[in-house]
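Each of the two complexes below includes chain A, the first together with chain B, the second together with chain C.
Showing the complex of A and B:
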């Protein structure tokens, strides 16, 4: 009796779960495995081509410094963008969570999060219009400032950084806001009543308690930025060569898929190391 | 510094952030109504880029394709995702934690990696590039979002409601239809809207999986930008950003996403 019940339950669980997870397996996990296999091939195994198993593609990464340098350049870009986003976003989240009250808070919070859910490509494109020489930024600054300035940020590293910070800023505001909101105001009041100054409250209460949320936001920004290619392409032009754009090239321009697969896998390894290192923090941020 | 002054500075900071977030989008929208092709000021109101857009078959085709792909993705991902979240919520079984962790990679791994991996795999199994591949990819990216949103709603569900209904003689199906479903409906609607947004705004995966000449709207925009941008792209971009923001506003109403409750 109880075994039939258990069987019934098990078949129910399987019929509810398997469609979604089969789909994820076919579209995510098998492709990732296929890519790992591909990264060890000498050539694309379609049609008449001769191919064999090799580690050449990984050797290409380690023997020349070109790819390693680009990876480092991408990691640096990730650190810079994450740094700016944290510095700009955390105070903003603090104001939202602790200064503004009531309905205004909800409306403002939604307003901050909303752009994040709109098309990222289009938002990057909108920066191209603002930052180009003789663009809106230049005209606007010259209208305000008493002296002529020449602002042509387009096709430069600052343009890429501005665009990426704009793209991912809402992440760190969202996670920090949720963490800050969970801090009990009574705790802050208690500290204040016992004579703690603003600095003490900030360094001893607010920062330690909101750190998991802040770090979760930082990881959520850093990971996609290291793998970005569309933003550097559009805003960086010729200076916009990064690890991500080199991978893109292997698939859409050079058609060296095995090398592209190897480079993708190296990027994945970097991402996984970062996620693994931060997983205790991320788990703490969840609860 | 007094607390009041700090609070005021904080509000000014928040205002600056909002300007930073919205200014470029507003500039783009503004310029799509400007007559000059090279974004020259002074501003001269014109609808000519929207008129040109209405006559651009390539962009309209891509827009139609993007909407159709997003609708198909939404239906499949919402059904599969909701079923999975119900199972994850209602039953205790071995490996549940593992299944929950498996939702993480599609969200956390950069789309560049996922997209190129899909390209390789779909070529390997003979499917190649094209709209079916794009849909398969989009559904996989959308499923975790649906599960997260629907599960969040389910977590607020009171089991005793079901028990009460059952004790008063309601059958299992009636309980599901009259008690459980009405409760999680807002979560499902929000999940569906998220799925639509994930697909409609998706660029990276579509870029690697769509056939040249058969591309989605974001892919077409990207290739046009790289060729040198035109105000028509401006106009279509303005439309896209308006659509996706409206969709997300509706989703936020249904899910209380990031809200306080």
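Showing the complex of A and C:
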């Protein structure tokens, strides 16, 4: 009898898990495996082309410093965007979690989620309209300010950072919000009763206790930003050459899929190494 | 250490008046209970004394200092929460030392006082543990050590023992009282557990809907409740309807309810369940109140048994030792009797 129960339990678990894993296998694992295979080919295996197995594509990364420099540029972009998103998002999450209550909180939350609901291309082109010379931002500022200003952020690094922070800010707000909301208000009251001021409470109670959520949000932002290509290309223009855009070029412009695939896996490996190196910090934050 | 004085304090939240004209004195070194049903705003009063809330009228003094404009951070109070509120990211020692570090007392002084405080609550050996590795009773002790380590002027406890199970709660009551005596700190605690309030405190304040109904030593409040609410809330009381309702009390009242000498007017009469005796025959002694009643229920609960009897238009609850209650079938007539001094005269308005 207990074995039938166990069997039922097992079949229930399998029936609940299998759709998700089947989906992941078909949608991620298989294409990824195909890409891994491509990355070891000399040419695209379509049509009449000659191809053979090789590691040339990986060697290409090390033959010039261009790729490494671009990768470093992308990592710096990831750090800058993550940093700004944390600086802007964490205070916002704090106010949402600890200060505002009831319906106002729901409404403000909706505004935070809004970027998720808009098409990313539309979002980026909207920024282009705002940031370009004689754009919405410049006209608006000149309407308010008594002196003329010249704002043309278009095709610059700040434009890329602004666009990326906007796209990924909700992640850090959501994860920080969840972590902050889990902090018992009595802890803050207890610290106050012991004479702690706002800074002490922030640094010794709130930040340590919400750090896991904050770091989870940071990781969620950092990884896609390092590989991003759309924002750099549209908002960055000539300065917007990053590791992600180079990979994209291999696929859509140069049609060198094997090199693009190899560069993608190098990026994946570097990101995994970064996460592995920082995992002791992440783990310590969780205890 | 310092006395605390709450004088005509009023606190409003929007249109809702949480505290209206509350006054109570808490002399230096005493142990005080604020008691009331849920919704009596007793915690609001405690948080106002602590300084989380500012009054909308009236004055709070700690020692000689008027603290109305002083926020909680500067009031030099110790506070203990119902859920302990230990910092989960810190060790026991760091929890206890938090207030000392804020005050920058120096590393060696800090270590010494953390040790002292932990020894006082008998947890000197657990300084390196994290709160989640402790039992409920141990967390309680850490929270207490943390509250007193800064040598606050007053210790405020918000339902400190309600999260513990009964036997542990009684142990902690004794412990709390011992520590309070040892350091002689003025202590105010909020509770809805009347037994806890009666056992521990030198003085209790009964709150109801944001008003201080009565305050005084536990015995006074228990034996001389000012109104029906207090009589029923503190301990158990049979309110005797239709007697003394604004009338001049006659004494002795033959065959009825006798009242103690010196009682002239009353808004109601009451008698405690444990004051009543049950007998099968009519008691003939002088100076006792007696009621002929029908036994409707009898419940055995070990040390004490509870009977319900109906007579004279009232329902009486009687508590006594099982062997003192005669063997009577339910529905039979019995006599309830009690001494005149046991009749509680609730004064008229």
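The rule we apply is simple: the second predicted complex is superposed on the first by the 250 of 287 C-alpha atoms of A that agree within 3 Å, B and C clash if a C-alpha of one lies under 4 Å from a C-alpha of the other, contacts with A are read in each partner's own complex, and residues count from 1 in each chain.
Here is the rule we go by: a contact is a pair of C-beta atoms (placed from the backbone, for glycine too) under 8 Å apart; a residue touches a chain by one contact, two chains touch by 3 or more.
Keep in mind that what you see is a predicted model, and the values were worked out from it rather than measured.
J.: Tell me which partner A:229 touches in the superposition: chain B (first), chain C (second), both or neither.
T.: A:229 contacts chain B only, not chain C.
J.: Under the stated touch criterion, which partner chain does A:184 make contact with: chain B (first), chain C (second), both, or neither?
T.: So A:184 only meets chain C here.
J.: For A:19, using the defined touch cut-off, is the partner it touches chain B, chain C, both, or neither? Pick first, second, both or neither.
T.: first
J.: Mind telling me which of the two, chain B or chain C, contacts the most residues of chain A?
T.: When the residues of chain A touched by each partner are counted, B comes out ahead.
J.: In the overlay, answer first, second, both or neither for which of chain B and chain C A:248 touches.
T.: first
J.: Answer with first, second, both or neither: which of chain B and chain C does A:193 touch in the superposed model?
T.: A:193: touches chain C, not chain B.
J.: For A:267, using the defined touch cut-off, is the partner it touches chain B, chain C, both, or neither? Pick first, second, both or neither.
T.: The first partner, chain B, only.
J.: Which residues of chain A are in contact with chain B in one complex and with chain C in the other?
T.: Touching chain B in the first complex and chain C in the second, no residue of chain A appears in both lists.
J.: Where on chain C does chain A make contact in their complex?
T.: Those in contact with chain A are residues 50, 52, 71-74, 76-79, 81, 83, 85, 87-89, 98-99, 102-103, 130, 146-147, 150, 156.
J.: Show me the residue ranges of chain A that touch chain C in the complex, using the header's touch definition.
T.: Touch list, chain A to chain C: 184, 186-187, 189-197, 200, 204-205, 208-209, 287.
J.: Inside the complex, what are the residues of chain A that reach chain B?
T.: Going through chain A, the ones touching chain B are 9-10, 12-13, 16-17, 19-21, 23-24, 26-32, 34-35, 38, 46, 88-89, 91-92, 94-96, 99-100, 106, 108-115, 117-123, 125-130, 132, 135-136, 139, 166, 169-170, 173-174, 177-178, 181, 223-224, 226-230, 233-234, 244, 247-248, 251-252, 257, 260-261, 264, 267-268, 271, 275.
J.: So in the complex, which bits of chain B are touching chain A?
T.: It comes out as residues 7, 10-11, 13-14, 17-18, 20-25, 27-28, 31, 39, 41, 76, 79-81, 83-84, 86-88, 91, 93, 99, 102-103, 105-106, 108-114, 116-124, 136-137, 139-140, 143-144, 147, 197, 200-201, 203-204, 207-208, 218, 221-222, 225-226, 229, 233-234, 237, 240-241, 244-245, 248-249, 251-252, 257-260.
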